[in-house]
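This is the structure, below, for whatever I ask next.
By letter and in written order, the chains are A, B, C and D; residue numbering begins at 1 in each of them.
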Amino acid sequence: MVNFDIIRCGRAVLHVTDLEKSKEFYDALGFIETEADSENIFLRGLEEHNHHSLWLKKKAEPALEVISYKVRSEEDLDALAGFFESQQRQVIWMEAGSQNALGRSLRVMDPNGLPVEYYARMDTAERMLQRYDVYKGAKVQRIDHFNCMVPDVEGAHNYYIDELGFACSEYTAGEEERIWAAWLHRKPSVHDVAFMNGPGPRLHHVGFWLKDPMSLIDGCDYLAAKGFAPGIERGPGRHGLSNAFFLYLRDPDGHRIELYNGDYLTSDPDFKPIRWDLNDPMRQTFWGHEAPDSWFEEATEVLDVHSGRKRGLEEPLLKKRKPNFVT
Amino acid sequence: MVNFDIIRCGRAVLHVTDLEKSKEFYDALGFIETEADSENIFLRGLEEHNHHSLWLKKKAEPALEVISYKVRSEEDLDALAGFFESQQRQVIWMEAGSQNALGRSLRVMDPNGLPVEYYARMDTAERMLQRYDVYKGAKVQRIDHFNCMVPDVEGAHNYYIDELGFACSEYTAGEEERIWAAWLHRKPSVHDVAFMNGPGPRLHHVGFWLKDPMSLIDGCDYLAAKGFAPGIERGPGRHGLSNAFFLYLRDPDGHRIELYNGDYLTSDPDFKPIRWDLNDPMRQTFWGHEAPDSWFEEATEVLDVHSGRKRGLEEPLLKKRKPNFVT
Amino acid sequence: MVNFDIIRCGRAVLHVTDLEKSKEFYDALGFIETEADSENIFLRGLEEHNHHSLWLKKKAEPALEVISYKVRSEEDLDALAGFFESQQRQVIWMEAGSQNALGRSLRVMDPNGLPVEYYARMDTAERMLQRYDVYKGAKVQRIDHFNCMVPDVEGAHNYYIDELGFACSEYTAGEEERIWAAWLHRKPSVHDVAFMNGPGPRLHHVGFWLKDPMSLIDGCDYLAAKGFAPGIERGPGRHGLSNAFFLYLRDPDGHRIELYNGDYLTSDPDFKPIRWDLNDPMRQTFWGHEAPDSWFEEATEVLDVHSGRKRGLEEPLLKKRKPNFVT
Amino acid sequence: MVNFDIIRCGRAVLHVTDLEKSKEFYDALGFIETEADSENIFLRGLEEHNHHSLWLKKKAEPALEVISYKVRSEEDLDALAGFFESQQRQVIWMEAGSQNALGRSLRVMDPNGLPVEYYARMDTAERMLQRYDVYKGAKVQRIDHFNCMVPDVEGAHNYYIDELGFACSEYTAGEEERIWAAWLHRKPSVHDVAFMNGPGPRLHHVGFWLKDPMSLIDGCDYLAAKGFAPGIERGPGRHGLSNAFFLYLRDPDGHRIELYNGDYLTSDPDFKPIRWDLNDPMRQTFWGHEAPDSWFEEATEVLDVHSGRKRGLEEPLLKKRKPNFVT
C-alpha cells in the first residue's frame, strides 16, 4: 500500500540552446512568462497558480533535465525518499531555494532510466484565467502530461501502478497481451504520464491542455503567421486512444510539445482501463493523417540526475513497430 | 479526520409529471437513454460509463427525491453510516437491487434538510464518447454538480469541508465576511456541489458538463428548432465565479438544468479558495445579461428521505439579496 | 431600370467625443487602425483591403455624419447624381482629397432623412486576413450592414428596391401586410441596409461580420477583461430573421455596434424574400433573451448633409410596438 | 462585353456505382436528400432553396457527367447559346422537364474539354437553414465551387474572364509568369471554379461550404464514427491561397469532395487578384501536412456532352510539379 500522495505532473525542465528563439516559440503558444533572465525562462499556462510548469535552461545541448511531479506535502517527500531507499534507488535532495521558486525536492532515476523529481511546494503566481486580454495563440491553459519512450513499458506500467499509486486509463496490447503503451494518471484525467515502447529512456513530448478545439485551430493560424508552420509535426487530428484532439509541435531545439483538448474524467474506482489492439488503426488515428516518421523516431534525450550526463539508449523489449507508438 | 472517500456527485433523482415531454426535452440536450419504462427514464451523458446520472420518475408532482454521491467502496458506505449515526443523524439503507442498476445505498438528510444519498456501485453501460454519430443537441458529456439553495450556507460550507472532506474552490462573502455562497468539490473540478443563500432547502439546478463552448451554442439552436426556446432561462453568458460558460434551462416540470463548459483543475492542496465580494458585478455575470427574477426565486422543492413528503422552506440566515445568488 | 451599380455598404462616419476611449473600445473588438491623428481615427476589419470602414471624428456631440455606399465606377456616381437631380433631391459633391483616403463622393438625404454618401474609390491598405498574429478580441473581419430606424419603412423598402436596385432578403409584416421592417442588399448577403419602424431618421447600429461564432464568444471575454462588459447590451443570441448569431454593443458614445455571424447567400434571382409575422416570437429571438428597452428606444441621431445640423425626429407611420424592432 | 449573367456554380452531376454506399456517405456529411429512386439521388445543403446541388446517377463507371452554372434568366441562356455558336462551339439543348426538377438547359464542352451546363430555373425546396434538429455531420450548407485539372490553365483563365465574365481572386504563377492555377468567381466569394495545371480535363473536386470551423471538426468525428475515416484524404488544414480551412474527402467512388470554411468578400471592382509564387510553401499549406500523392494524381474523369463517352486526357502545357496543385 502506497503511503505517499503524488498529486499530478508538475513541470518539465528542458535544456535549450537559444533562449530568444525559445521565447518567441512558447510565447506564440500563449504561455505566460513568469520570470526570465539571460540563462532561464520560467513559463506557466493561463490557469496555473504556480510559478511555472516549464523551465527552459540555456545550455550547449538540448536535453531533458528532469520531469517533476507535485506531491501533497513535505511528509510525502520523506515517505517517497524512504520508499526509494528501501529499493536501493539512490535519491538526491535539492534544498529549498536551490531551484528558483521551488521548495525542497527529491530527484531519482526511475526503473527505465528517466530522471524524475518530486516536490511539494512551488511559489504561486497570478492566475490569468480571466485575463482574456492576454490570451494569445493556442492559449495554453495548463500542463497535462509527460509522454516517455522507454525500453520496458510493461515494467513501467506495473511499477507506477503498484509502487507509486498511479491508475491506468488506457493501454495498447499486442497479440501476446504484452503491454506496448500505457496511459497512467494520478489526477483524474487520462494521464499524467504515458509510456510507449521504443529506444529509451527518452522524453517523447510534454502535453499541455487547451480550453477548447478552436484554441488549437487558432494556435495553428497564429504559429503560421509567426513563421512556425514548419514546426507543426502532426495534426490536427484525433486519437482513438484518449479521444484527444491533438497537435504536435517541435520547438526550436526539437523538443516535442503536444497541444491537447478532449480528455474525460477518470476518478471512478470502477473505471476499467480501455484496451486497444496494437493493430487497430483507429487507436493511433481516429481520423487525420498518419504520423510522419519523425514522430516515431525522434525524441528528447535525458540526463542522469546523478552524473548530469546523457543516458545512453537501450533497445526496447518488444519489437519496434510503427503502429505501437501512440500518443 | 475523515475516514471515508466520496468520489464525486453521481446522480439526481427527479420527479416529473409527464415522461413523454421529459423524454423529448432531455433527448434534445443529447442525453443517452439507458433504459425506460412507463414509470421511469434513466439517462446518462456521452462519456459516462455508469448506468445513469439522471433518473426521472413519473409522479403526481415535480420534486427532488434525492441527490446522490458516489463513494469509493462498500466500506466507505459503512464508515459514512457510522459517522451519521455518531451525529444522531438517522440513515436509511436501501438494499442492493431495490433501486434499478444500483448497489446498496445510504440515504440521509443533511444539516440544511437536503435529501442526500451515497452509493458505491452502479451498473455500467457503454461509453458513447467516440460514438459521434449519436451526438445530438448540446451533446451532454457528464454530470458535473448540484447547486442547492439553503438557509445556512456557512453551516453547509463548514460541515461539508470539516466533516465530509470537501474542499472549497470559490466563495462569495459580504461585508461581515459571512459566506453567502460556496463552491465545494471532491473531484478536482470547481464543484460537486454549490450552496447559495436563500429559502430552502431547494435544488436550484443540476449542472452537466459539455465538451466545448460550441456545443452550448449548438444546443441552443437545436432546442429552438424543437420548440424549447422558451425553456432557455438564462445565458449563454460567463460567470466570473467559476469561469463557467453557462446556459440555464427549465425542463417541462420547471427543474433547472445548467449546461456548463469552462472549469479548471483544483487538485492542488495549495490552491487557495477564490473570494468574491458580494457586490462585485462580475462575480455573477462576467459578461452577458442579468439573470431574470425566476432564476433567483424559483427552485425545485425536495422530499424528506424519511417521510417522503415535501420539506417546508426556511428563511435564509442572511438577508436575501439579488446579487447573492450566483451560479 | 437602374443605370448605376451600388456594390455594397462601405463605411460609416461617426462623431465621437473622446478619441482615446473610442480607440480603446474599437481596438478591443479587433479593428485595425489604419491611421489616426488628434481629430480622427480610421478603422478597418481584418479582411478589408480599403483604407477604412469606420471613421471616427472627434466632435462635441455624438452623431452619425453619413453612411456611405461604394459604387462600381466614377460613371456610376454621375448616373446617381443625375437620378437624384431628376427627383429634385439636392446633392453635394465632395471633391477627391477633401476626405482622407477617399475619391470624390456624392452626399444626399434619402427620403426618410438619412444622410447617405456614394463613392467609387478609396485608398487601399494591407489586408490582414492572414496576419493571425494581430487578431484580437472579436477579430472583426469587415463591415456588413447599416440598420436604420425610420418613420416610413415601406417607403424606404420600395425606394431602395425600385429606384436604387436593392433586393429584399427578409421582411416583417403585420396584419394588414404593411411592412414594419425590411432587410435589403446589393452584395449577395442578407443585407447592406435594414430599416425598422420607429422615430427617425436614426442609425440603430452598424453591423460588422465575424469569421465564426467562437470569435463572438472570444470577443465577449476580451471586452469583459478590458472592462467593457457594461457595453454589452444584448446577446449573444440568434435572430430568427437573418439567422444571425449576434452581439450588440454600445461604444463609449452610445453608438451601437452589432457583431454578426451567420448569413447566407442571396444571389439567386429566384430567392423569395422571407416573410416574418410581426407576432412571431422567434423572429426577434430564435433563442436568447428579450432585448432590453434601450435596444428599442435608443439610437444615434443623424446630421443633415446640407446644414450639418441634427435632423429632428418624426414619429413612425405604423404604431410603434416593441416586437416590431428586429435586427 | 459579356451580354449574359452567370450567377454562380449550381450543381454537379456525378456517376456513381453503388447508390446505397453513396447515400450513406453523403448523409454523413449532412446533406439533405430531396428525392431519390433506384437510379438517382438528389442532394442539397442546409441553406439551399433549390432542389439539388449534387445529383448522383447510378452508372457502371464513376465519372463527371457535367458541372452546371445557374444564369439569371432564360434570355441569358439564349445569349450564351448565341455566344457559343459564334465560336463554332456546338451546344446541346436539354428541354425543360427532360432532367428532374430542372428547366431547359444548355450543354457545351469548354475549351479544355470540360462538360459544362447552364440553366436558369430549378425547382425550389424547403430551406433547412433553421431546422437545426436535422443538422448532422459536417452540416453542409451549400455548394461553393468546382475545381478542375486542365492542360491549359492560362487559356481557361483568359476565356472565363474575357468571354464569360468571371473575375480572378487569386492565382499561382511560376518564374516566367505563366499561370499555373487560377481561382475565378461570379458570386463574390473566392471562387465558383478553379483551374489547376495537370493532365485533363478532369474534375479535381467539388467544394461545399460549411458554416464554421467546428462543423469541419464535427464532420471528421462523425465520419470516423461511421467508418469513413479512410475517406479523409487531406486535412484539416489551411490553405494560404484562399485562406480556406479545408478537408478533402473521397466518396465511395473516389470522387473528391472539399469541405470548406473561410472565404472572404470579393465584390469590389478594385480588388486586385492575389498572386502566389509557385515556390511559396505557404500557398499550398499555410499550416498542416503536405498533401498525399493521391491528391495530386487522382481526379474524376469527365464525359463528353456530345458522345457521352469519356474524354481522353491531355498532358498539361506547363511542367507538372507537385507544388503547383493547390486547392
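Things worth noting here:
Following the convention adopted for this analysis, a contact is a pair of C-beta atoms (placed from the backbone, for glycine too) under 8 Å apart; a residue touches a chain by one contact, two chains touch by 3 or more.
Just so you know, these numbers come straight off a predicted model, no measurement behind them.
If you take subunit B and subunit C together, the chains in touch with both are A, D.
Interface matching across A-B, A-D or C-D places the copy of B-C, with more than half of contact pairs shared by residue number, at A-D.
Our note on geometry: subunit C versus subunit D, Cα centroid distance of 33 Å, whole angstroms. Between the CA-based centres of subunit A and subunit D the separation comes to 44 Å, rounded to the whole angstrom. Measuring from the averaged C-alpha position of subunit B to that of subunit D gives a distance of 50 Å. We define each chain's centre as the mean of its Cα atoms; on that basis subunit A and subunit C are separated by 50 Å. Each of residues 130, 212-214, 221, 224, 286 in subunit C touches at least two other chains.
Only residues 7-8, 47, 49-50, 70, 72-73, 121, 124, 129-130, 141-142, 187-188, 211-214, 240, 243, 261-262, 264-265, 267-272, 286 of subunit A touch subunit B when the two sit together in their complex.
The touching residues of subunit D, counted against subunit B in their complex, run 28, 130-133, 135, 212, 214, 218, 221-222, 224-226.
Residues 213-214, 217, 220-221, 223-224, 229, 232, 234, 236, 238, 245, 281-282, 285-289, 292 of subunit B are the ones that touch subunit C when the two sit in their complex.
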